[in-house]
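Chain naming follows the written order as A, B, C, D, E, F, G and H, and within any one chain the residues start at number 1.
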């Protein structure tokens, strides 16, 4: 005889444990796109305490649309080893180009990352960062429906040794930091350099090159990396996203 | 040297092949929640040609919210074998109650279903059914952003030997059929009986019992089953959803 | 030396002449989709005084989307003579099926109809009909942006010996008449019978069969015919629309 | 016996052929107003491979409103030869001023352009350009309903030897290029100079004079030309639009 | 030296006096269109204590639009004496038809009514009526911006010996009364009979004939009269509105 | 040295304790208006375990607006003892009428109720009831911003021996129960009888008389009582609300 | 027997005459608030050909709200002669302060101005100015519902020897001119100086002092004068508005 | 026998008295959050004539949400004496940290402040300040629903010796003053310095330190103090808010 109150207690109790574990993290990732999830997978696999915060209810949304809603994605040779490690099936198209099913790829990436120990918190918006001693050292979070309803409700806070901004084109965490603290970033100009027009080849290369620390305690990956350090956009080829997430994990592991 | 046009061709070409395969299906499932995906998994595993059409860009959205955004779900003993087959990790809470991580569970379910051969089409709204000889025999589909933008654009059509309405509380396919054709359903009253208030125990039992054919060619599963045949709602316990999807697959396989 | 006020006078003066001519028409067509434009073409060609009123700024909008935004349309053999008369190029696909470019087809149809003498008034919403002696005998019109802005502004009125409702799925003129006057239509049940689910074959046949007088003074064509007399929908095949418009013109010419 | 799946296949197959042909163009025109369509007509007539991308479902929308919804347009003597070549009927108003029916004119222009070989893609928004070696060499496109729904979906890409920005007052392509790449335009100031207030005489002259290359690989015509190079607006006189489109075609043909 | 606080006190003090006078009225009119204002003019002129409540900030809005924003109105011979008494200039058009400037007519009517003693309260929505002993005997009012903001704020109340519903097509007061109290109206059917399609001749005649008591204590005038007792609509001819307001005043004066 | 994570832990931990206590209640009150808060005060004072669930972030909102935003309220003699017990200051106006400051009154009521032990949960919407053995025995709750954002997220559940619907005009809990379960209420007609027009005297009397059990396990108070059992509305006099809350508490205490 | 088509013809014909007269004006006033209407009254009374263009359907809207919806206005001694000339009744409040009924005042002002010969065009938005030889010499107008619907429809144009911007706080005509032409205004700084905070005394004085030519051919009055030349705001005292309108008329008459 | 009109008179009369008292204040506080209410409590307790203006219908809204809707708040040792004086119950969590119930705390604070003599005006938006002799000396107010409805209605005005901006993150009064008058503030830079990212420890300290005069006649408290003078944010710990309100009252009392 199933009992509603036991179901409620089971959910509330185990979520509270998960939430409490996340109050003091090695790494807090913001954004559940491909680069954030890949970074989360490698960090969790390395035994680190890592949480990922996504403002939507769904995870990995953008990747699911393929190109113009044709839900297939393309990856180049360099990224194949990562897809193979994760178990995502690919099909060769032309030399150097492989396709995968967008839905299958995202399901697999989410599953592998969570299974490796990444704790994902969805419907959470990151309002701000904790900032002490000229360093980013945590996140200020809220339920995202609270934000979209325009309600005046205070956030809560968590501590993290490193934050990874994997929020895509907007580079939301970095741009919020710049707006609120007026800091000088570790870019050529000291400020956000902006994403450029499309050049798939350069865009893919830049996404990996630009994956690095943008401010003490704060790394960037994926399209956020190109938005912060100035790189081309690349469209529905996702190899660079996987490679960027992988590199972000490696750099942060070195820092921990 | 990556080339944008080759990337575009790779996506368009492979999507067209996927789309073309879906024009004549054994089973067309509507709705990418847990019961629809589970049904899709078992039908694909049985070698059937099965496509799933979801109006959102994301898949499995509702399950991801756990209860009140506390993203954990509960399953009862009866459903454990299905979760084990899929590879979803669970933790015992109290005798008879197990919890799982909502994000991991959904990622896994999506991955396993797609990997088994289910072809998922997201951002597709099902506007209507094809109806011939007093039988549902296909779907009338459109891009869902076209519908949300209120644009006047004609749909396209696909043929399917069976349709499964797994659209949740609204039972969208069944209710559209009733509204447009005025048919008498295979329910006690001949019309949609409506979802009831909450009783988790009865709700779970009803979701499985009500999983059956609602009209020649058209099955229902999950909360749509309770909405059509009249059952209680059950909240964030998901065993019934997995079992309902499993049963839907079994019944349809018998019909094929 | 071009002068702004002369330009303004040229437009206002010639529009007023056009508007004045439309105050007493042989036929007032509502809706600039394929059936309404085809009817307008044949009526104008027959020398009748015919005006067409469309609530959007654009004309022929729905046809332009092809199926799911793939902007090609299909026509069957029976309708080929009409397309040939209009000058729309078609390509054979499979026996019995021909395709045309949606944009070219609509441009051509609009051009031929206007060139034949059809006067088109766009951005005009038809709020109601003039009703005297148990007969529809005119239209009550307003600027459609006035209506969409919810402004309280009175309409103007025009007289017509016959009105053709070619407004598509909604059958706006007929449904407004029923709601305001509570009249009994010339359908089997006396009321609007509603469009059915999809059956392309029956839908095409019904669209032509249902093209007739729905109430003294008021004809229906295209999807409005199926909505009023109860017919199947047919998706992005447009032969029935051209044939329905042709038949509507013929029936009305007989009545004039 | 018409079959829904054959209709669907006919549309999808022929659209894919059309779409594939457009992946590598001589000229990609953005915007289906009078200058873009006129340019498309002359380029197609010259045998070039030319595609036109319009974000609305409808084509030629603005011209259809005449002035203040009085749907007549004015053209001056200089543009008459173009209207005569296209087959648009005009009526003399005062010496130097001719009027035409807005609906007939647009239908005719669309029809002639498509018939000459221009391939029109509607409901497509141009998100960005492809940019290589300091030159615009393609478009980044998406379904426009995807954009209006705010969905996070990647675009696709096409290559073109020349791009023509005929998007009207906003000069969308040029302004996007400036915002994303920070380039210096071929204008007097190096940046967009903005449309001025109204002077019909100067506006018409400027629209033609300003029709030229705004950045390597990127031309402008119509009101976009005035917005980029700084010209007056002119209201509902359309001769300059036809002449501008004609000039744009001539300049681009010289460049090919 | 002008002082802000004195200005504020002047307004608040004199408004409160005006508001207090309105708490116990001979007649409360709802709606500041032509029939309501005309009734208010004649009632005030007869020395009665009469208040008018209008939900918009502006008064007489609909009349200002003429027909299709062409801001002229038409009146027939029968209504000329009223316009002459008010001082509205008219111009003969054809025998039996006179035109007036919409803006001038409304300004004059508002001015004459207020000058005669009618107290107008704008931005006030009438939420309900006071109902005692099977009779309407007052209004329940609120600020209309409170209502449009969806704020939960209680209304205030005023007493009136008679209420006149001059709210136009919706007959808001009557329809609210029917919905809340389920009463039987003094119409042929006992319920609201609804406005019909257009017949200017009958519409004008009905508007006057239908001006009478709809329920004890509650009269109707103008289009509300046709909506309640079932009459045709008439478009931008306003003689019937003036005559209806005049008749309403006469009937209510008899009742007082 | 204040620490963010300790602040977060303090809030999460103590809220969870509060939430857990609320999973099994003697009484669950829905709606934080005056009748709900008064009932909560008396039930908590009697030592019962009572929780109140309010969908807005704020509590007592409607009372704060006084009448038409003039933020004063009126109470009659009968209710004075309750205001005196709570400590709300009143001023005599005319014999039988007392006024109080709306803001002070609501602050006081909220404070006294919470201080007496009522646990208030705001921003919580009650989606449904738990229904077993033909009796209401709990609530189905969710974050209200989740609902207003239209997110598909499952609710949680709590058990209560009695539920009090104090949701005001809509009687949300009762109307939801009727819609979902089709039950027959304990009213004269078996269904909701609807709020009537205004009669302050009868409205106040009815609000108290109608405060009773509407269905086994489910009581109603305040305006919800009038909406369910059919009573007049009364405007900004609040004595009846306090008396209704008091009576609801007394009746439920008898039932416990 | 009233005839709908004659009514329509009466309106269209007389409006066209009115519209045609307005194509070549002595003065074009923008905005139907108190200063614009007062200026219009005096200019028309002086026999000038003057038109007023208002974007709302209603005229004089802001004045109707009094202060905080308390619909009374205040005027000081200096403005009394103007109110007396117009026939607006006032009541002395304290020495130097008089009150008037907001509704009566506006009705009277509209009536007197129209009666004196001012031609008012409502629901017309002024999109831009005609600009020739470094001088404003006309208006670019459109239906305002076209603008609020975001439709792409060209405007029409009229010529005027002087334009008066009486659009209130936004000074819409001046700010549009600055944005489009980048001209230097006749203010101290050459650009718009902005309205200041409140000082009723200075605000009233400034409104009159700042009433002057802002650019060759373009005058400002009322709050637009303070917004352009930098003045305080004054709240619900309207003497300055009447005096400003009067002065604007005098200055323009000198210029004509 | 309760009478509606007496109820209305009671409310209108006593509100007018309250409103009239507020036209000439010692202190006008803007914003009903914790710092504004605390300041109001201490100023009223000291016998000053003090009014508080809040744009929402509800008071103290933000505090009610605790952190992330978990409606508990935290206070540190330093603020305990204030909570004890007010009567808010607290519970020790860890050394230095105390928790309180958010709803109870706010109810208590509102009640104590109103009871001490603070007059609260809700649903009032502060549009601007009165500014004379280089000093803020009053408020320009309106109904906030008028503002949210975008209605053009003039405000009213009140005089105050001091204004306290307690509007939170936006510092609405200060930022409006800067925008309209271009004044130099008493901050380090002369302009608003902006709120920083989160550091709970520094944020709490800054909120108190920054509580001071921002411009002659205008003080700031709470988060507005940090926004104006540049301080960190602190999340759901409220001690600093109470202390800031206390300090603001003390400083203003010194100034009076």
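Keep this in mind: contacts are C-beta pairs under 8 Å (C-beta built on N, C-alpha and C of every residue); 3 or more make two chains touch, one makes a residue touch a chain.
Quantities reported herein were computed from a predicted structural model and do not represent experimental measurements.
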item	value
Smallest number of contact steps required from subunit B to reach subunit C	1
Path length in steps (a step moves to a chain that is touched) from subunit E to subunit H	1
Joint neighbours of subunit H and subunit C, given as chain labels	E, G
Interface with more contacting C-beta pairs, comparing D-G to C-D	C-D
Chain pair repeating B-C, as identified from D-G, C-G or E-H when over half of the contact pairs by residue number coincide	D-G
Taking each chain's C-alpha mean as its centre, the one farthest from subunit A	E
Longest centre-to-centre distance from subunit B, chain (CA-based)	G
Subunit E and subunit F: spacing of chain centres that average the CA atoms, whole Å	39
Centre-of-Cα separation between subunit E and subunit D, whole angstrom	52
Centre distance in Å when subunit D and subunit H are each reduced to the mean of their C-alpha atoms	55
Shared-contact residues (touching 2 or more other chains) in subunit B	4, 7-8, 11-12, 16, 57, 61, 65-70, 123, 130, 138, 143, 145-146, 151-153, 156-157, 198-200, 235-236
Complete list of chain pairs which touch one another	A-B, A-D, A-F, A-H, B-C, B-D, B-F, C-D, C-E, C-G, D-G, E-F, E-G, E-H, F-H, G-H
Residues of subunit A touching subunit D in the complex	61-62, 65-70, 168, 194-200, 232-233, 235-236
Complex contact set, residues of subunit H against subunit F	1-4, 6-8, 10-16, 18, 56-61, 64-74, 76, 89, 91, 93-94, 96-97, 99, 101, 103-104, 106-115, 120-123, 143, 145, 198-201, 204, 234-237
Subunit D to subunit B touching residues, read off their complex	4-5, 7-9, 11-12, 16, 19-20, 23-24, 57, 123, 130, 138, 143, 145-146, 148-149, 151-153, 156-159
Touching residues on subunit H, where the partner in the complex is subunit G	128-132, 138, 140-143, 146, 151-157, 176-177, 180-181
